[in-house]
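The next part holds the structures, each set out as structure tokens.
Each of the next two complexes has chain A plus one other chain: chain B in the first, chain C in the second.
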Partner chain A sequence: MIFIEDKQMVIPGDVLADKEYQSGRGTFKEDDKICSSLVGLVAIRDKKISVIPLQSKYIPKRGDVVIGEITDIRFSMWNLDINSPYSGILPASDVFGKEKRDLNKAFNVGDVLFLRVVDVDEVKKVKLGLKGRGLGKFRDGILIYITPTKVPRLIGKKGSMINMIKDETKCEVVVGQNGVVWVKGDPSMERVAEKVINMIEEQAHTSGLTDRVRNMLFELLGKEIPEKEEKPEATEEATDEEEEEEENGENLIQ
Partner chain B sequence: MITIITNKILGKNSTSSKRADGRASDELRPFKIEAGVLERADGSAYLELGGNKVIVAVYGPRELHIRRLMQPDRAVLRCRYNMAPFSVDDRKRPGPDRRSVEISKITSEALMPAVFLEKFPRSTIDVFIEVLEAEGGTRCAGITAASVALADAGVPMRDLVVACAAGKSEGEVVLDLSEVEDKDGEADVPVAIMPRTGEVTLLQSDGNLTPEEFGKALNLAIEGCMKLSEAQKEAIIKRYGD
Partner chain C sequence: MGVTIIPEIIRESLNNLVKNGERSDDRSFDDYRDIYLETGVISKAEGSARVKIGKTQIMVGAKPQIGEPFSDTPNVGVLMTNSELIPMASPDFEPGPPDERSVELARVTDRCMREAGVVDLEKLCIIEGKKVWMIFLDLHIIDYDGNLMDAAVLGSMAALMDAKIPEAKVEDDEVVIDPEKKVSLPIKEKALMCTFAKIGGELIVDPSLEEEQVMDARISIGMRADGSICAMQKGGMQPLNKDEILKAVERTGEITKKLMEHLPQNNQ
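Let's look at the complex of A and B:
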């Protein structure tokens, strides 16, 4: 027995289905019943029911790429705020190797970095690293915070949404899995990108978003809206499809 | 001739009830719940119940810096119930007092069973309940609004906790005591439940009741909770304007 439909909005405590279904993310099992634990939209895949939250906090996961801001410099590491209930640490050895150098000379408090989550241990100590293409310090630009669950929606299928924003605003855009977005370009264009990204966050749970984003972009840029090719948008699902962000080669230190 | 209409007269004229505001014994005061009213909080809710006006903000799960409070296996749920100085007829001295410390504690205990705290070890979820106007039954109003705010913040929960009081006033067991009924009445029984399973997460009793009256009051309060629960759900769904 199933009591809800795909993409229906549910709230905590709603009974979703009977025991013949599997309990996925955002749900829990109680007395052979599958219930929602979040406010979100139902996603049914085969026999697995999950709830995609409309609002959430970022929980660090190994391998994720995130954007963090340095909050403190300690003896041999930096502390970073990664927009999560758990703060991250970046060991000095990761930046300098075996060499002993002054930590202030590399990064200072307030610097924004693009990092990879190297490890998350049982006590939720988040180790970050800078090894990888495109990772490093950001100079200038603005930060936009969105709900982490909406990151896949912002990127779009194979990066369609984010590439559209990049192409139209001529801004560099980097999205962290933790819901922090860095945008750098002409200040007026940065503002356009910010508006569009905030709109995507607000309407992430609706369908046909790509078209509306395109119209909004053209409107904000004062361009003609081109003839729409009638192509029913395959409704993208803001689910686990964790698409790799296009990494930008610049902003590397050293 | 001018007659001054007071609540007493109104109550006497109404045939349906002896209550001061003319409500039936199982009738709630008019209520309104709204989710997502604050911009900067992770989740928020506003609730009106009769003359009560309560606003709740939820922050978290977020980093807990106080080491001694940290739980290695779960998050801590910190609640602060606070009454505004202008919330009552005589100015209330600002700051926590014995009553608000108690209500903060029981609110956090009433909400805890519903929240999946074990999903966020070593962190904290902060709930701030601000009573803007009080007219009896603010602890229940606070709990009801707090669970809406928690859901709005995206905190995973087993159910939406809902609270409602029942009591005895002028010899009759009644639902949702107003301020007068609470002050002049014989007893007050605030109850919080998780409506899906019917589990009770808060049960207090102040005053004198016979076992029969207590049972009646408890059932009445649960009935009231169920009505409020519907409004809670609507408030959350309305927030995202389907």
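Let's look at the complex of A and C:
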């Protein structure tokens, strides 16, 4: 027996299904019934029921790419705020190799970097790295903070949403898995992108979002809204973990 | 007190915005965020108000108590202000003894209320040298999104105007309180405060949290309804020059006039 539909909004304690289903993330079992433990949207995959929270904090995961800001310089590493309950560290050896150099000559407190989570240990010590395409320090641009669960929605299917924003605003956009978004372009375009991204965050749980985003973009840019007769986006993915973001290769290291 | 590190990128982008005459939330330099004011929200307090300026939210309560006057002012009542920055309001607020910001907020609010002569304190005297009304203003910060001072002063003003204290009479040298008979506080003046943040060489009114974090300097000016200055407070690392201060005073005059409209009008 299942009591809810896919993508339905639930609150903690809502009974979702009984024992023939599997309990996934954001749910718990009580008296053979699966209940929600969060405010969020139900996701049903085969027989597994999970709840995707509407709001969340970023929990670091190995392999994620994140945007972090330097909060402290220590003897042989930088401390970074990665918009998470856990702070990250970037070892100096990762930047300089075996060379010995002054840490603050490379990155200083207040700098914003694009990094990869190299390792998360059992006490949630987050080790970060800069090895990879496009990773490094950001210059100029603006930062926008969104809730991490909305990141896949902002990127869209195969980057459709983010590419639309990039194309229309001519801005560079980099999305960190931790919900930090960096946008750089013409200042007025940055503002447009910021508004659109905030709108996506607000309405991420609704369907037909891509169309509304397109309309909003055109409206803000003062363009005509083209009459399009494309298939209605009934099959749009609400939040899917598989969607990896596009990396932007134009950020220089140092 | 935790010092939040603000990314260089945000600092730069906010500075650039101001230099282009814009702000991140599309306000003009003289615009406040949406202001919401409600009075009589706490039934246990004689006077209360809840203010919201944008997402900043403060509850203000006014409680009267009979006490002894200070020996140097035997015929004058007492007005005292306290504030509390509870951890719920912001990740930067820690529990424990009041920090610098909390003390500053209470003192600036107190100064603005007292120096303006908002309440006619002489009328709060019951027996000279022995018994006077003491009014305690409590500022309870519920949500912090910048510009606490203006919100606190606006809320305090509204709470004082809302306050109804029981009538106190003197019978055979004893103070008798008649809880049935409530009178409004003797409000003599109205005063409000206007805070400017200096960012990118410009003064912008009602700084949001983000703007407060990147500002170079801040100046708060308290002003009575007739346009005279009753309080002033400067904050931040950088200096302000004379022209900037004079300009700020001039703008305060116009802005406080608009702010006054938010206060309840029922007072005589």
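In this section, the second predicted complex is superposed on the first by the 246 of 254 C-alpha atoms of A that agree within 3 Å, B and C clash if a C-alpha of one lies under 4 Å from a C-alpha of the other, contacts with A are read in each partner's own complex, and residues count from 1 in each chain.
Convention: a contact is a pair of C-beta atoms (placed from the backbone, for glycine too) under 8 Å apart; a residue touches a chain by one contact, two chains touch by 3 or more.
Keep in mind it's a predicted model, so treat the numbers as computed, not measured.
Student: Output check: A:Lys57 vs chain B and chain C. Expected answer is one of first, second, both, neither. What do you get?
Tutor: First partner only.
Student: Figure out whether A:Phe138 sits in contact with chain B (first) or chain C (second), or with both, or with neither.
Tutor: second
Student: Report for A:Trp78: first if it touches chain B alone, second if chain C alone, otherwise both or neither.
Tutor: neither
Student: Taking the superposition on A as described, I'd like to know which of chain B and chain C A:Pro12 touches: first, second, both or neither.
Tutor: first
Student: Which chain, chain B or chain C, is in touch with more residues of chain A?
Tutor: Comparing chain B with chain C, the partner touching more chain A residues is B.
Student: Return first, second, both or neither, reflecting whether A:Gly26 touches chain B, chain C, both chains, or no partner chain.
Tutor: In the superposition, A:Gly26 contacts chain B only.
Student: Counting contacts the way the document defines them, which residues of chain A are shared by the two interfaces, the one with chain B and the one with chain C?
Tutor: Common interface on chain A, chain B vs chain C: nothing in common.
Student: In their complex, what parts of chain A are in touch with chain B?
Tutor: Residues 9, 11-13, 15, 26, 28, 30, 35, 37-39, 53-57, 59, 85-87, 123-124, 147, 205.
Student: How about chain B: which of its residues touch chain A in the complex?
Tutor: 42-43, 60-63, 72, 75, 114, 116, 120-123, 151-154, 156-160, 194-197, 233, 236-237, 240, 242
Student: Show which residues of chain C lie in contact with chain A when the two form their complex.
Tutor: That would be residues 5-13, 16-17, 20, 22 of chain C.
Student: Which bits of chain A are touching chain C when the two form their complex?
Tutor: 69-71, 81, 109-112, 138-143, 182, 187, 190-191
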